[in-house]
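Below are two complexes that have chain A in common, paired first with chain B and then with chain C.
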Partner chain A sequence: MTDEIRKIIQEHGRLPSDIGALPASADLYQAGMTSHASVNVMLALEDHFDVEFPDRMLTRSVFESIASIEAALTELRAEATLR
Partner chain B sequence: MSIAVDRDQTFLDTIARIAEEVAAPNAGEVDRDARFPAETIQALRDERALSAFVPAELGGGGVGLETIAAACFQLGRRCGASAMVFAMHQIEVISIARHLEDAGWFEDYLRAVAAEQRLIASVTSEIGTGGDMSRSVAALTPGSDGLLGFEKQAPTVSYGQYADDLFVTLRRGPDAEPSDQVVALARKEQITLEQTGTWDPLGMRGTCSPGYVVRAEILPEQVLPTPFPRVSAESMVPVSHILWSHLWLGIATDAFDRARAFVRAAAKRNPGEPPPVAVRLSHLMSDLSLLRAEVGSGLDEFVAASAEPGRERLSTMAMALRFNNLKIAASEQAPRVCQGALGVCGIVGFKNDTPFSVGRHLRDTMSACLMVANERIHQTNASLLLIAKDV
Partner chain C sequence: MRVGIDLVSVEVVRDSIRTHAEHYLERVYTARELRDCGTSTGVDPERLAARFAAKEATIKVLRPGDVGISWNTIEVRRHPPGWVDLELSGPAAALAAEAGITEFALSISHEGGFATAVVVANTLQESAP
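== the complex of A and B ==
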């Protein structure tokens, strides 16, 4: 899943630096992702993983790193499996 | 009555007195001469109002946000510029106090605000960012003796010349991205201000807000440890919109009161049938009620979300949209009410020297849609609406 997330951030996050060089825990906003670009990342993630982020997850902290995005997606998928 | 309610009410009584006895009689001159409302700010200092929100254990008044908002409303009814200076100072105090996180320098700083009644101005807007507060050009730059320097080109700094200290947004360092922002608090003796423009605006003239190049050298501990984006989302933006909208409501309420006084005077001259203009006043009251409801509910929702553990809901897009819409709605509705009051009063409202004059009210509230431009906020909202769910 990490590689897919990286690819989506690469395409939609408009980072000035190469995503490949960023560790999973790196702060994407500090790396230059704007609020506007982060919305595009969220839309692309929803589309790619066929999920919908609920409002409680639509916060800066959820999308601030590859690791936090992965944790959120894992949680959403677990919920979907339970249902 | 609990001690807290008692304390907040006493504070509000004091503010109402200052508004009536000091702000009101000077409002005309402050507006005409575009001069700082020095006597009102001094009266607020004398009553320790500048540290009203500072926690009691740090020597402040310890009053709640609802009370600060009510104070902005009271001052707004008598002098919009005085209310705006008070509101902007409180926004900086509140933004610091809600994000102390054991930052020792800032605790000491709030003690100094209380002891010395220091006035804080903000330097958040910047040339080259297109009005986007979530980006900075100026950066903290390591200098000599372990100090951090910066130079920021600010298009407006309200009451910058009269402030003791400046609350400045900056990039974290020379290599940081524009969105990697921190807040620094620079003290007067560390700052040089080079004025870059004049100040002869349409309204809010007493805020004295020309442009400046702001230069300072500060200690590393004068940078708030909490990153600015978090301070902004959880406190600065919503609190700004709440306090501004309260003072705009105050200005609009006084315009309505003047229109009502005009209609009453007309009714007394011709007892019997209500004057035709009384119907216009009724329409105006509907407009004012809408404004009052939006301003009140915005405050209530913020207070409720702030009371939740971790304040996490405040960081959601739904809440960002909520408080952005408070700003847009209030900034559009307040001048509408003032213009309606002008329609009721007619020529005596248009003239600047009658008891029914509402020109200052109209001009002051016309600044509302510009301070953080509504179109910029709409752009942000448009983006958030693509992804937010329950709004």
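== the complex of A and C ==
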């Protein structure tokens, strides 16, 4: 999942640097991702993983790193399997 | 009193419309905003960029921390003479109430490929961040 998230951020995050060099815990906003770019990342993640981020997850902290995005997606997928 | 400001590139909004289409428009903007920004061929990215800037400026005023706020719970309303104001709902409205915000003032503008917005909020008292 990490590689898929990296690819989506590379394509939609409009980062000025190569995301391949960033560790999973790196702050994407510090790396140059704008709030509008984070919307594009969210939409692309929803399309790719067939999930919808609920309002409670629309926080800066959820989209601030590859690791936090992966944790949120893992949670959403676990919730989906319980339904 | 609190203040928030934001700047958005019109080109990135245009690109989001091209890439994500309805998914982007419906997730971020309200039906009223899409109507206000409508053109004969679709929606005007300049006006949408100004609205996105207004939403982000409002979020800066609300200081949500770990409270999730959907962009379409912050609505920019255009009035016939041309001025705009804000209508909040859901968690955005709850945060404003919690912060003791009694009134918002909004100004938006776009020029040269960028859109900007400034939001000023009057508060009854300043709550802890």
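Quick note on the criterion: the second predicted complex is superposed on the first by the 83 of 83 C-alpha atoms of A that agree within 3 Å, B and C clash if a C-alpha of one lies under 4 Å from a C-alpha of the other, contacts with A are read in each partner's own complex, and residues count from 1 in each chain.
Definition applied: contacts are C-beta pairs under 8 Å (C-beta built on N, C-alpha and C of every residue); 3 or more make two chains touch, one makes a residue touch a chain.
The structure presented is a predicted model; accordingly, all values stated were derived computationally and were not measured.
> With everything superposed onto chain A, say whether chain B and chain C fit together or clash.
Overlaying the two structures gives a clash between chain B and chain C.
> Once chain A of both complexes is superposed, is A:Leu43 in touch with chain B (first), chain C (second), both, or neither?
both
> If we overlay the two complexes on their shared chain A, which of chain B and chain C does A:Pro54 touch? Say first, second, both or neither.
After superposition on chain A, A:Pro54 lies in contact with both partners, chain B and chain C.
> Taking the superposition on A as described, I'd like to know which of chain B and chain C A:Pro16 touches: first, second, both or neither.
first
> Once chain A of both complexes is superposed, is A:Met33 in touch with chain B (first), chain C (second), both, or neither?
After superposing on A, A:Met33 lies in contact with chain B but is clear of chain C.
> On the A-aligned overlay, A:Phe63 touches which partner chain: chain B = first, chain C = second, or both, or neither?
A:Phe63 sits against neither chain B nor chain C.
> Among the options 61-69, 115-123, 169-177 or 349-357, identify the stretch of chain B whose C-alpha atoms clash with chain C after superposing on A.
Only one listed stretch clashes with chain C, namely 61-69.
> Common interface residues of chain A with chain B and chain C?
Residues common to the chain A contacts of chain C and of chain B are 34-36, 39, 43, 46, 54-56, 58-59, 61, listed in rising order.
> Residue numbers of chain B touching chain A in their complex, please.
134-135, 172, 176-180, 229-230, 233, 312-313, 315-318, 380, 383-384, 386-390
> Within their complex, state which residues of chain C touch chain A.
6, 8-9, 12-13, 16, 19-20, 23-24, 27-28, 52, 56, 59, 64-71, 73, 90-91
> Name, in rising order, each residue of chain A that touches chain B in their complex.
Touch list, chain A to chain B: 16, 29-36, 39, 42-43, 46, 52-56, 58-61.
> Within their complex, state which residues of chain A touch chain C.
Those residues of chain A that touch chain C are 12, 14, 34-37, 39-40, 43-44, 46-47, 54-59, 61-62.
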